[in-house]
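A, B, C and D are the chain letters, set down in written order, and residue numbers restart from 1 in every chain.
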Amino acid sequence: MTDVEVGRAKRARVAYSFDDVSLVPSRRTRDMELVNLNWKIDAYTFSHPIIAAPMDSVVSPESTKSFAAAGGLSILNLEGIWTRYEDPTPMLAEIAKLPIAEATRALQRIYSEPIKGELITRRISELRDQGYTVAGSLSPQRTAQFAQDVVKAGVDIFVIRGTTVSAEHVSEGGDVLNLKEFIYKLDVPVIVGGCATYTAALHLMRTGAAGVLVGFGGGAAHTTRDVLGVRVPMASAVADVAAARRDYMDESGGRYVSVIADGSMGRSGDVAKAIALGADAVVVGSAFARATDAPGQGRHWGLEATHPDLPRGEMVELGTAGTLSEILSGPSHTADGTMNLIGALRRAMATCGYQDLKEFQRCEVVVTPN
Amino acid sequence: MTDVEVGRAKRARVAYSFDDVSLVPSRRTRDMELVNLNWKIDAYTFSHPIIAAPMDSVVSPESTKSFAAAGGLSILNLEGIWTRYEDPTPMLAEIAKLPIAEATRALQRIYSEPIKGELITRRISELRDQGYTVAGSLSPQRTAQFAQDVVKAGVDIFVIRGTTVSAEHVSEGGDVLNLKEFIYKLDVPVIVGGCATYTAALHLMRTGAAGVLVGFGGGAAHTTRDVLGVRVPMASAVADVAAARRDYMDESGGRYVSVIADGSMGRSGDVAKAIALGADAVVVGSAFARATDAPGQGRHWGLEATHPDLPRGEMVELGTAGTLSEILSGPSHTADGTMNLIGALRRAMATCGYQDLKEFQRCEVVVTPN
Amino acid sequence: MTDVEVGRAKRARVAYSFDDVSLVPSRRTRDMELVNLNWKIDAYTFSHPIIAAPMDSVVSPESTKSFAAAGGLSILNLEGIWTRYEDPTPMLAEIAKLPIAEATRALQRIYSEPIKGELITRRISELRDQGYTVAGSLSPQRTAQFAQDVVKAGVDIFVIRGTTVSAEHVSEGGDVLNLKEFIYKLDVPVIVGGCATYTAALHLMRTGAAGVLVGFGGGAAHTTRDVLGVRVPMASAVADVAAARRDYMDESGGRYVSVIADGSMGRSGDVAKAIALGADAVVVGSAFARATDAPGQGRHWGLEATHPDLPRGEMVELGTAGTLSEILSGPSHTADGTMNLIGALRRAMATCGYQDLKEFQRCEVVVTPN
Amino acid sequence: MTDVEVGRAKRARVAYSFDDVSLVPSRRTRDMELVNLNWKIDAYTFSHPIIAAPMDSVVSPESTKSFAAAGGLSILNLEGIWTRYEDPTPMLAEIAKLPIAEATRALQRIYSEPIKGELITRRISELRDQGYTVAGSLSPQRTAQFAQDVVKAGVDIFVIRGTTVSAEHVSEGGDVLNLKEFIYKLDVPVIVGGCATYTAALHLMRTGAAGVLVGFGGGAAHTTRDVLGVRVPMASAVADVAAARRDYMDESGGRYVSVIADGSMGRSGDVAKAIALGADAVVVGSAFARATDAPGQGRHWGLEATHPDLPRGEMVELGTAGTLSEILSGPSHTADGTMNLIGALRRAMATCGYQDLKEFQRCEVVVTPN
């Protein structure tokens, strides 16, 4: 990245967000029918690269069906409301009616209920019964404790997801995750993150992960920047980690790790930008939380909003825009980039002249100052 | 353009919008009477370079008279409401009263009526009867289907206009436009676009076009950036395509192709900036939609807002400012750059010290960071 | 200035506004009592460098007394309301009550009354009777016509002020001003502008002017940028023209021309910035229009807002903050930089550690990106 | 810093605010329990580096207990309301109810009461009785007059704090502070500032100060930028002064002067940024003014807001968020970075992978354009 001097004792790279960049069509255009959106990770192929985020406002054992029906992957949060409560329906109903000003305290209370290993097992089993690819996520802090429950229950794809996940966690306690060892022993492919830099991503790739999550996982409502001061704008983070994928492929003699952008993709245009900047797939939260049949019923929150001492996100009221199916595949009746995400990605690639996701990663971009 | 590193795997040029640049007077000033605004394309000379956009809120068989009376060119959209309905008056009346929140769905419904070849013929014939230069536009998708109707009916200037039009469209279907061949066979001059880069424009120039449209044709209300992630800020796009004109003139042994900025010119100052950055003419939409005698009656929408699956624009309520004649030539009674477009361009050139459009393209500009 | 490529056919310098820069204290501080604010032009010395703008909302034959009492210069607009009407009091009263939405049309009507030579003579004579330094302004368009009236009536300082005034105005008519000849023949010192670049300023200095106005004279309410696209941010303009002063002093063998920033100084901090960037004096409008005893009574407009065909400014409602004396010298009871302009400039210089205006022009500045 | 040309006669460095930069996690993460927040100055060690600002809305003889209980330092303003009034309780009650629009005039009136030497003595003695580290501040203008009272009363840490404090104050009067001599003679460690540049800080360090304050001390409500035009964005100022600390340590043969960021840290993320940019400690105002048990009761003002002739700050209504203890150490029930400042700093360091404050100063940062 471009280097500037903040002051005599500190230099900094300039980093860009999705809003700072735009896509530039090439000298070719292409029929939409000729665009191929397939995304492959390990043995699994999906008909598009848009993953539903492991957030309780988006993915429930019920809503996973809609995502699978559209050919995509969704991830159930195994530390969320579905593994804390036998029947979380009353809690979801309460959340849907919370006065926004009281939301943080209420979420802190609702999520103070402990996670139960047997509920993890049961939810995964419910997902298995649907017959689709099953993916569930844990934070690195909980992975050591619950990983066995998850694996025994039989997930297809295991996701370790936190604000920042590193391959080298320094700890005094005994209960800590050795990522490399853990992934090596596991039979299922692992997706791990967030990370935001070339170096952190390269180390995560070396653990044997099938995919890395780029970004701090924060949705439309996270405030990590305000509370911790920590932020790497997504356009630069994705383009940096894409370089780690290339270099790791070289050093590993050909292992291709999926780079998965996670967070800050509120509109369909952001999904296209993420791919064009080098991502293989994207994790989307808020756009799906707007679905009439999403568990959040128009409200959206992440686990970081429920932290007992230091919440780092807010519940936001997004309203509803259409069904999950309409948000994924249209038809759209709004021009703000919140519906028909798959159609919009296809059209962006056709307009810019690219055939598949891998080719689209070469798309030219411009940086716009304002 | 200036090059920056977005991340290790992606570099980007920095691109500027009209808002990012301003004009700098030279050391000379000039009487307004000494400024010549003539614009010439093929055999046609107009007394100013401001073209009315092929949008149903701006150009109708009736409103073309006002534009012609002021010495300028207007383009009828041959895929718009006038070629879908024998008498679109009731639809325009309905649109004028639509609740804004319901506009997209209503436009999708109204524009689902098919385009009729015979209405294309009739509208062009109505225009011919007025005795002025006749210009009509089709999208590249429809050009193969309806071009014969258009040519037979006798347009003077044929416009092929889409979000992105390339000289190399990749397609499996048989019904696709070979631009170079099409233009070669046609007896009338062709204006074609949008495009936004040096390379794309150079290829369009090589098709034999008399003019290229720079920009994605989006008006005040288009959301291509949000929905597709695609955008090239206009100041950079115009200055890039102006270089293609120069280089194409060299490679073709002297063919001069008009560079026509299309979109994002909401105020008269933007028109002046477009010329100063290298445009020969400009296509204006929203400013004319504000006319009391424009078909939109203060509302403004583009065809992209009517797409059945993925609308990429919104109908906007602009209100009215004066008659088409006042918006073109004044007198203005507002200081916001929405009236007396021709007078404002003339004064900008006089203030900066330039005599004609070609000379004004050399005007110095500054980039302003905020 | 820093150079960037807008597009392949156009490069541009980056230019900064007062908002983009801030002053940096040196390693010294200084007692306020040790700061000297004297400004000298030709034979006239003023006890501070803040000039009241030739705008009808600011300077009237009555309000000039307050400015003179505080040791400063004010300029009467000799094309304004005082030379169009024998008694403009009713018009000022009408303007004070205009609904803002109707202001432009009303100002166009009120200012359609012709300027009278004998009223020019009378106003100057009224000013002479007050016993202070008399300054009056004409636009370059009117200077040839009325200059004799002005000179015969006996101004001390003659101001030629327009949006852009060049030393080389190209014209076919006979009634045009040859600036160099005009200034040479005149017995009184001339201040001339606006200009905004090194080259334009250098040519104005070569006409023999005692001072040049930097900026386009637009006040808080001008819209030249929107209407004409013309703008040079003031920080860069002042720093550029200061270099012309230095180079002209060299080429002329020692003639020192005052560089006078004119426009965009809405707060006292902007006045300090203008000096620190190289200005010798500043012309202030809106801050004085907020005075309870200013002719505008809290409303503010410039001549450009009254243009019959193409108004390029708006009347703005500023409200009132205190008397002219309080706005100039305090005490201030607000922290927004609109009162005690002289005290604020003195304190800025003391805080930064500088003794007089000339020394303060060396003050370090930083550019702040947002 | 990066250098740009503002205009031909002026160059400027580009300077960044806390909002312009963000922290980048390293490739390691760390348990929160392994993070050490200790800050040491002279003989005093505090369990965290967050100092309560010498502002009457934040620190009173009563509120100092809460800060000490949490292991931190607070500074009583010895020119504030507690040394002007024997019992300021009625004034604080009046301030808490002032209509915001009348606040400046009321503060000017309340603070026109003179400072009394015997009240300085009494307040310090009250603080001593609490048994914690006692710190009090004077402005450089008052230091000569009241320093003896302060020292005799027995402060542990003496703070000289003004908008800009230089080691070389130029004055004609006799009553001026020779900083170097003053500090040399004093038995207690001195913290002195504000300053904002490498050079100014280096000169302050050479006076023998134990710590320098970086920034102009302005809180959420100061308007020095608008009134004086003076501003150095904090991120650049801190990184510049950190370089002065390093160079002074070299030139002095090992004396380590604390760099203390003072101002513009409205959220916990800003505290983390200040340390990461090179600060050893931070002075926080507005966050504490939000405490239910702060003297301001949700309102916040600095001494600069009380200046009789040229107020340079405003009283702001912040509202209340929790107790001082909750704001310092949580638990937080809001996600906006205003509560649990210590927990947030600890988590930022753990997330980024750093162990103590000194190590955290090496944290990578990025500059974000928007």
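Note that in this section a residue touches a chain if its C-beta (ideal position, glycine included) is under 8 Å from a C-beta of that chain, and two chains touch if they have at least 3 such contacts.
Everything numeric here is computed off the predicted structure, so don't read it as measured data.
Asks: Could you classify the chain C-chain D contact as same or different, where same means more than half of all interface residue numbers appear on both copies?
Replies: different
Asks: Rounding to the nearest 5 degrees, give the angle of the rotation that lays the CA atoms of chain A over those of chain B.
Replies: In degrees, rounded to 5: 90.
Asks: Quick one: point me to the chain whose Cα centre is farthest from that of chain C.
Replies: So the chain farthest away from chain C turns out to be A.
Asks: What whole-Å value do you get for the distance between chain B and chain C if each is reduced to the mean of its CA atoms?
Replies: The mean C-alpha positions of chain B and chain C differ by 40 Å.
Asks: Just the number, please: Cα centre separation of chain B and chain D in whole Å.
Replies: The answer is 56 Å.
Asks: Where in chain A do residues touch two or more of the other chains?
Replies: Counting only residues that touch two or more other chains, chain A contributes 1, 14-16, 236, 369-370.
Asks: Can the chain contact pattern be summarised as a line, a ring, a star, a complete graph, or none of these (other)?
Replies: Per interface graph, the chains form a ring.
Asks: Between which chains does touch occur?
Replies: Once each pair is checked, the touching ones are A-B, A-D, B-C, C-D.
Asks: Across the complex, what residues on chain A touch chain D?
Replies: Contacts found on chain A: 1, 4-10, 12-17, 19-20, 104-105, 108, 163-173, 195-197, 199-200, 203, 223, 225-233, 236, 305, 308-314, 369-370.
Asks: Given the complex with chain A, which residues does chain D contribute to the contact?
Replies: It is residues 1-2, 14-16, 18, 21-31, 33-34, 198, 235-244, 246, 267-273, 276-278, 330-337, 340, 343-344, 347-348, 351-353, 364-370 of chain D that touch chain A.
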